[in-house]
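Written below as structure tokens is the structure these notes are about.
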Amino acid sequence: MFADGLFIVFATLAVLGAVGLVLFRHPMNGAMSFVVTLISLAGLYALLSAKLIFALQLIVYAGAIMSLIVFIIMFLNIQPDDLPQEEMKLFYVLVSAIVVCPIGLLLAKIVKSLPVHSTAIMGNKFGGVKEVGLLLFRDWLIPFEIVSILLLVSLVGAVILAGKRGTTK
Amino acid sequence: MEQCANYLGLIPLFPLLGAVFIGLLHVFTCKRTALPEKVYGILACVGPVLAFVLALKVFVALKGLAPEARFLSYKAFTWFSVGELHIDMGFLADPLSCLMLLFVTFIGSLIHIYSIGYMGGDKNYGKFFAYMNLFLGSMLVLVLGNGPVVMFVGWEGVGLCSYLLISFYSEDRSNVLAGNKAFIVNRVGDLGFVLGMSFLFWGIGAHGFDYLSLKANVHHLEPAVALTVCLLLFVGATGKSAQIPLYVWLPDAMAGPTPVSALIHAATMVTAGVYMVARFSFLYAGVELAGNIVAWIGILTALLAAIFGMFQEDIKKVLAYSTVSQLGYMFAGVGVAAYSAGIFHVFTHAFFKALLFLGAGSVIYALHHEQNIWKMGGLKKKMPKTYITMVIGALALAGCPPFSGFFSKDEILYSALATGHFGIWAIGVLVAGMTAYYTFRMIFVVFHGEPRDHHAYEHATDAPSVMTVPLIILAIGALCAGLLNLPGIFGGDQVVSHWLAPSLTEHHPHGGVFLEILAIAASVVAFVIGIKIAYTKFGHGAQEPFFSGFADFAYHKFYVDELYDRIIVQPYKAIGSSIWKVIEPNVTDAPVKGVSRLYMVLGTAFKVFQVGYVRVYALYMVLGLGIMSLLLSQSLN
Amino acid sequence: MMHGYLYLSIILFCLGIVGVVARRNVFTVFMSIELMLNAANLVFVTFARVHENIDGHVLAMMVMAVAAAEAALALAVVILLHKHKSKLDTNVFSLLKG
Amino acid sequence: MTNDLMLLMPLIIVGAGAILLMVASTCEKLTHELAAYGSAGIFAVAFLVQLSFCIAGNVAPYTEAFNGVLVASNFSKAAGLIILACGFFTSLSSQAYFKRNNFCSPEYYSLAAFAASGMLLLTMAQELITVFIALEIMSLAIYVLVGYDRKSVISTEAVLKYLMLGAFAGAFFVMGSAFVYGAAGSTKFVKIGQYLAAHGMLHSLAMIGGAFFIMVAFLFKAAAFPFHAWVIDVYDGAAVPVTGYMATALKTAIFAVFANFLVIDGALQQQWITFLFWISVLTMFVGNLIAIGQQSLKRMLAASGIVHSGYLLIALVAIGSKNFSGSVIAFYLAAYAAGTLGIFTALSYLGGSGEARKTFDDFKGLAKARPFSAAAISIFLLSMAGIPPTAGFMGKFYIITSAINAGEITLAVLGIVSSIISMWYYLRLIIAMYFHEAEEQFDEPAISSWAPACTFVLVLCVFAISLYPITV
Amino acid sequence: MFEHVLSVIIFLPILAGLILLASPASRTIARFTGLVISLATLVLSLELYLRFEATGHLEFVEHISWIKSLGVSYSLGVDGISLFILMAGSVLLPLVYFVFGTKEKGYYANLLIVQGAMAGAICAADMILFYIFWEVMLLPVFFMLGLYGGPRRLPATLKITLYTIAGSLLMLAAIVYLGVSYHAQFNEWSFAMEKMAHLNLTGRVAAVAFFAFMIAFAVKIPLFPFHTWLPDAYTEAPAATTFVLSAVMAKIGVYGVIRFVVPVFDLEFARFAILLAYLGVIGMMYCGLAAITQKDFKRMLAFSSASHMGVIALGVFCMNIQALTGSIYQIVAHATSTGVLFLFAGILEERTNTRTIDDLGGIAAKAPVFALYFAIAMLASVGLPGTSGFIGEFMIVLGAIKFNTAIGVLAGTTLIIGVCYMLWMFQRVFFEKTSSRSEHFKELSFTEGLVFLPVILLIIVMGIYPHPFLSKITPSTALQFAPPASVVAQMPAANAQNYGLTIEQK
């Protein structure tokens, strides 16, 4: 019961955060709102016995990625004038919400068809660093390795795109 | 005998080779120094004369055979052979074709000789003789061909030569137009011929498509098909032999040099239709309806042309209409199944009409190409030889006994009477009178009275002997040819008819002596009346009359040419230009244009969707996804 | 209970789509995409729990890594955009069209 | 393990080469020209290695490696060959391009090699998250390449559009994978196949939905309708060699993985035939209609790329019957790559400084000034249009044959109709080049002999490929 | 002589053309090369002709497997039908190099390529190979028309190209359909033409495939109402291109019908033959009528050519041996007459700088040899007996009458329609008074006269002694009407006996 209550709290927070992200005019507000969602999600991961993911969500997502975003928002020193004038924002949001409906309904239908399964919190043998780590380096070696390439590419790319105007040799 | 059969191939070959040779000679020299005319003249006469000699040999050979076996055939080579269609390039000499052969080569040779004089000084001298030789060759192919397809080669060949010779003076547009008209009208007829041949072939041609095989199999032919074939072939004949409704080209064809008019448009080519009907007598004999149609068309043509002939002022046009008229007689003859009579008229007509044309040619030659009879007059004294020969020809044409025309025409009229075609006979008699009238109108106006154009009159003189000798020879022919087929009532035994009998399928009518006398008497009376009227009106000189009313109508040939122009030529051209000016861009090509326009419009329209806002692109994706999701949800139910 | 997690993730996912389609602010758009990835991660983790198979956790980690890489590049692009026009409006960048 | 590594050899060469180039580019002495030769060399070596695998045949045609995450099949090898060849030609055409356009640095080639390694992975990946990562390696590298000209607003706009929509589509992929994982309990193709064999398709909505979202992501990358809109702007904004690279290598990789995904199980493919049918038809026709109105050559080629995706989708529809279309797809991709790369290579040395020549009209009269280039471009265009005896024709022939053989006659006919429609805009350039008088002289000095040489080689390829008989 | 004579005939010109295009050769060299190559081809073709044994089946067969898994092969061969179309091209094309001596290099090179490609399409015994050559032969035409055509060449070029390609791409689908059907019925992949006759095709798809083939060929022929590209293209194209288009390429369309449609789709063909025959007749009359009021002689000849092609096509649709043989014969006759007329029109245009009929006149007096040649070609074109034109036309009309009386009668009107516009044109151009334009018309040079002589003689020889030619055609055409064993087996015994009849009655 306690878990259910927590779920409802986290879920509400997550949705509210997401709604905030979509609706806030200033990206900073949006980012803050999004952080709420991310933290709530971390809570949900914990409820789902995903200890490592819970930690990573907090550290990597809510921590690293979001601070990067916030940093950039600050870095660009955005004035209200720089922001787009979205007079009909609510209208667009409504329209897109309607357009999205079929997709959501399809997904909902799929979910509905799934058999009910308990999500009670599990013991130590599930979702810990050790289990996931073993799996990661045994079965998922290749994806893990290529993620490093991905990060490298992203690194190089970011440097090239955002770096100082390079001189052609 | 075999050797003689081999001559058959040579007979058309000589003139044809002559044509090629002369033609090449002309083409390659005309731009440089022209060859002397003599060279051409001699070369030109070699072919026809040789052909005539060979024709005589063939005649002798045929005569040596029993009447039932009187045919020689010669196969040069297989022409084409596809499936059941097997056509040999083969030639057949039987009494019918032999008769045609003789007079065609004979008259042809004479006219060639005459032309040496007549065409003197023309810069296209060589070309003329090339065409003339080509014509003679084609005509011989037509006559000798052993089946309809080979005949068709000659049939079209003579048409071509006719075209070439009519437009001989090609710098003048009207001459060329006359040539075009002749060719096109002939082609209309040829279409009938081709279709007729085709039906005939699918009827009975599979066992051999030459006359002998066809004759042997004719009883297999279904009556309806037979009728169709007869009528279609007759369409061909109306084209070639200038019958209603396709006669209009012949008067215009007088634009060609006069020897051409004599040879092609009077003596030989135009009679091809009659020859063809006679050739197919085995077919026509079995289809009475077709015969009647032929006869009636023929006699009506005779009447119509006679009416026109009475009002013409061009000497050659008078003769042209008389030719049409006489051709009408011939068809009336073959139409009433009197094939030998028809052919006999062809034979005699060839003499006297060639004679008349050549005589007219002499007059024209003497008057420096003046053809209007109202500018002539009193030439009797200046051109006695021409006068005499022409009178002989006119008498023959008008049917004065005992000139050749009398016997042949009378034979036809008698046959009509004897087979019960009173209408045809009556019209025939009427036309006989009219013929006498307009013929002698011409003679009187041209030769009698006072000269109307004194300047021309002064210089007029008889032509050189190279032109007069053929006239005299033809005059003898016109005088005596009729005697060859003297009917029994005059003590003759109808030599020509008997000679032709093996080739023709005919039953001589026995109308009795009374009918025979009636026919003769009526003809003679008509002749006398006609000549009397002519004499009264024109015998002592007359001025060019002013036509009004019916005469004016007839003078304008009932406006038939104009009518044809209005209802055929102009609509044809209008359709032609409307097709490529209106129909093609707006109807036929419209779908293509429409598609290409739609294509471009759509292409431009679709650019609108590329708005450039990334958000909108995302919206496209979501919209598309939404629709797909909806469909997917539906299908999952 | 499992359905709750999944429905939640669907809602978040759809909200992410709405953010992408409806908003013109580049930051919001990119964060909306992150939101969608997070929604997917939630599904992974939920199913990992359902199947009691921690492959899902590994997958979620991978997705996080990819998201991080993507975010880095996206931010670089944002800086680039800002350098050009000093605007964060996606509609400003519509030279390429037609 | 050795065997596994051997299979990855080309990938390793390209990846290591990319890193090497990246490191070397810190060195001042490494000019971008040298880097171009270097990357071309890397691609060439990798190509030869891959080719030797293909020819030697000492490797089994279908080999699992790394726990079933990667699989090397004949199809993936062929696709790899195409990708590596594309990389080779792109390197050399870039070399010419950057002699006239001044925004290059050696990292460019490093990124191109990274993109290639992502693509190679993609052709071999047999696991959804690996696919996703490979996809992202490829995409991120390409994003950077597209936006390489930082001074140009257009190229920045292009990268914005591409990145934003690409990430958006990536999110769908992940969502789809999550649902597939939910249904099958694994993201490995083998396991998914086993699950499908055991349970069938229809009974698992999660599988259907997951596969749907995954395909959406593939269709996005392949620029199929209605996910096509980005492609025109992005191609337009990117540098010519990059556009060429995207149009060929990227498409090859995507269709390789798409095909691999669809052949997991017959049921999976059967489920989506109608869906793919309509997508394919719409893609062809919409692509055509967009292409008709374009004035810019690159935009036209982008739109025609959409159309070609449509043709490839036809092959995907027909893929089910007896593994028919694997070779067909590879053949078509090779044919298409030869033609498209050829045009882009020619454009990279003919386009002028700052891509001054971009519209059809700018190429008027080219045939007089540069007859061989014009002839080469014409041959490439004819190949794309599918006129024999070019490779494009044979590719189309195989696709139609496979479609009709699979009973999809309507689709084949529609494909034909679409290629009739496409004829105009291909011919349009030929007409401009040949039948119009020149408005300018095209007299800038020759900058590089490599790119023209590449064009020549590609012309030979266009004919050679058409003669190569595939085993269907 | 040697085994691969067909390949040499095909690829020698193509290779020479390509090398010319790539080389910096001058015009003179290009022309000389073209001449030598086309003459060499002519010699080879003549040798081929003499060695041809008229078995009715394919001879000089070459077969190299290409795509084994699909049964596609490089296979060539000629029979009596294709031989004559091949010969028409080989005999006539050398003329161009003699007549037009001052064109650009590309002109000659493209001519060579088109010659080889057409030979390829004619000789191909595999459908895919046929298709490849079929498309390839369009490309040189595209370039020649676009590069060297008249002032309004661009729309004309686009129209002919798109129109033809549209038609032929549909055919590709149909070809593939045949191959797949063969696989389905005989469990063996093959695209060999001769095997397709064994196919048993029924149903809607077969009808669609039939029309796909028919449209492709109808565009090429061109059959009404698919002819609308023709007037523009023929008029705007340079003389040699028009010549190639009308003399040979259009014939390949007819050839296609004979090769593909008739044997493969026998049932559909029998069903739709009457419709097609009507289209042929209507096209003949329509284009013939349109020709009469043309002001431009090339355009007039264009319509005339279309009109004749209607008749030739009709011959194929009549489904009897006479009409079919007539068609093939007429193909050669038309190539030698109308094709040569187009060359003459080119000469006229080159020497007077006008295409307007009214601007000319009196040329016969200025150039008698030219006029003579022109007249002979023209007379052949109107089907005068004694020229090649008559034999074919007569057999077609004959066959048409058997097929359907109405069609036969209408087909016969070609005799009249053709002669109208031809005489009208001839009168205005060659007769009447000399106009200022034709004042200085140069007669054919000695070489030109000599070069055209064989063709002119051929026109006459083919008219007077067609038997040797026909005897090479008939075995092949007869085979077309021999009932294939499989079809006979399916029919009731009574019907099988007069198979020919049953087909016609349908």
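Assorted remarks:
Here the chain labels run A, B, C, D and E in written order, and each chain numbers its own residues starting at 1.
Criterion: contacts are C-beta pairs under 8 Å (C-beta built on N, C-alpha and C of every residue); 3 or more make two chains touch, one makes a residue touch a chain.
The structure displayed is predicted, hence computed values, not measured ones.
Any chain touching chain A that also touches chain D appears here: B, C.
Highest inter-chain contact count (C-beta pairs) belongs to A-C. The innermost chain, defined by the distance from its C-alpha mean to the mean of all protein C-alpha atoms, is E. At the far end from chain A, in terms of centres built from Cα atoms, lies B. With centres computed as the average of Cα coordinates, no chain lies farther from chain C than B. Averaging C-alpha coordinates per chain places the centre of chain D 42 Å away from that of chain E.
Note on chain placement: the centre of chain B and the centre of chain E lie 36 Å apart, centres being C-alpha means. Annotation: 77 Å between the Cα-based centres of chain B and chain D.
Chain A and chain C have CA centres that are 6 Å apart. Contact of a single residue of chain A with at least two other chains is seen at positions 96, 99-100, 103, 106-107, 109, 114, 139-140, 143, 147, 150, 153-154, 157, 161. Residues of chain C in contact with two or more other chains: 13, 16-17, 20-24, 30, 41, 46, 50, 55, 62, 66, 69-70, 73, 77, 80, 90-91, 93-98. Among all residues of chain D, those that touch two or more other chains are 129, 133, 136, 140, 143-144, 147, 150, 159-161, 164, 168, 172, 179, 182, 205, 208-209, 232-233, 293, 424. If you check each pair of chains against the touch rule, the ones that pass are A-B, A-C, A-D, B-C, B-D, B-E, C-D, D-E. Contacts from chain A toward chain C in the complex involve residues 3-4, 7, 11, 14-15, 18-19, 21-22, 24-25, 27, 30-31, 34, 37-38, 41, 44-45, 48-50, 52-53, 56-57, 60-61, 64-65, 68-69, 72-73, 75-76, 78, 82-84, 86, 89, 92-93, 95-97, 99-100, 103-104, 107-108, 111-112, 114, 116-119, 122, 126-127, 131-132, 135-136, 139-140, 143-144, 147, 150-151, 153-155, 157-159, 161-162. Against chain D, the residues of chain B that register as touching in their complex are 599-600, 602-607, 609-610, 612, 614, 616-618, 620-621, 623-625, 628-629, 632, 636.
Across the interface of their complex, chain E is touched by residues 372, 375, 382, 386-389, 393, 396-397, 400-401, 404-405, 409, 412-413, 416, 419-420, 423-424, 427, 431, 434-435, 467, 469-472 of chain D.
By the touch criterion given at the top, residues 15, 19, 22, 28, 30-32, 66-67, 69-70, 98, 102-107, 110-111, 114, 117-118, 121, 127, 129-130, 133-134, 136-137, 140-141, 143-144, 147-148, 150-151, 159, 179, 182, 205-206, 208-209 of chain D touch chain A in their complex. Contact residues of chain C toward chain B in the complex are 17, 20-24, 90-91, 93-98.
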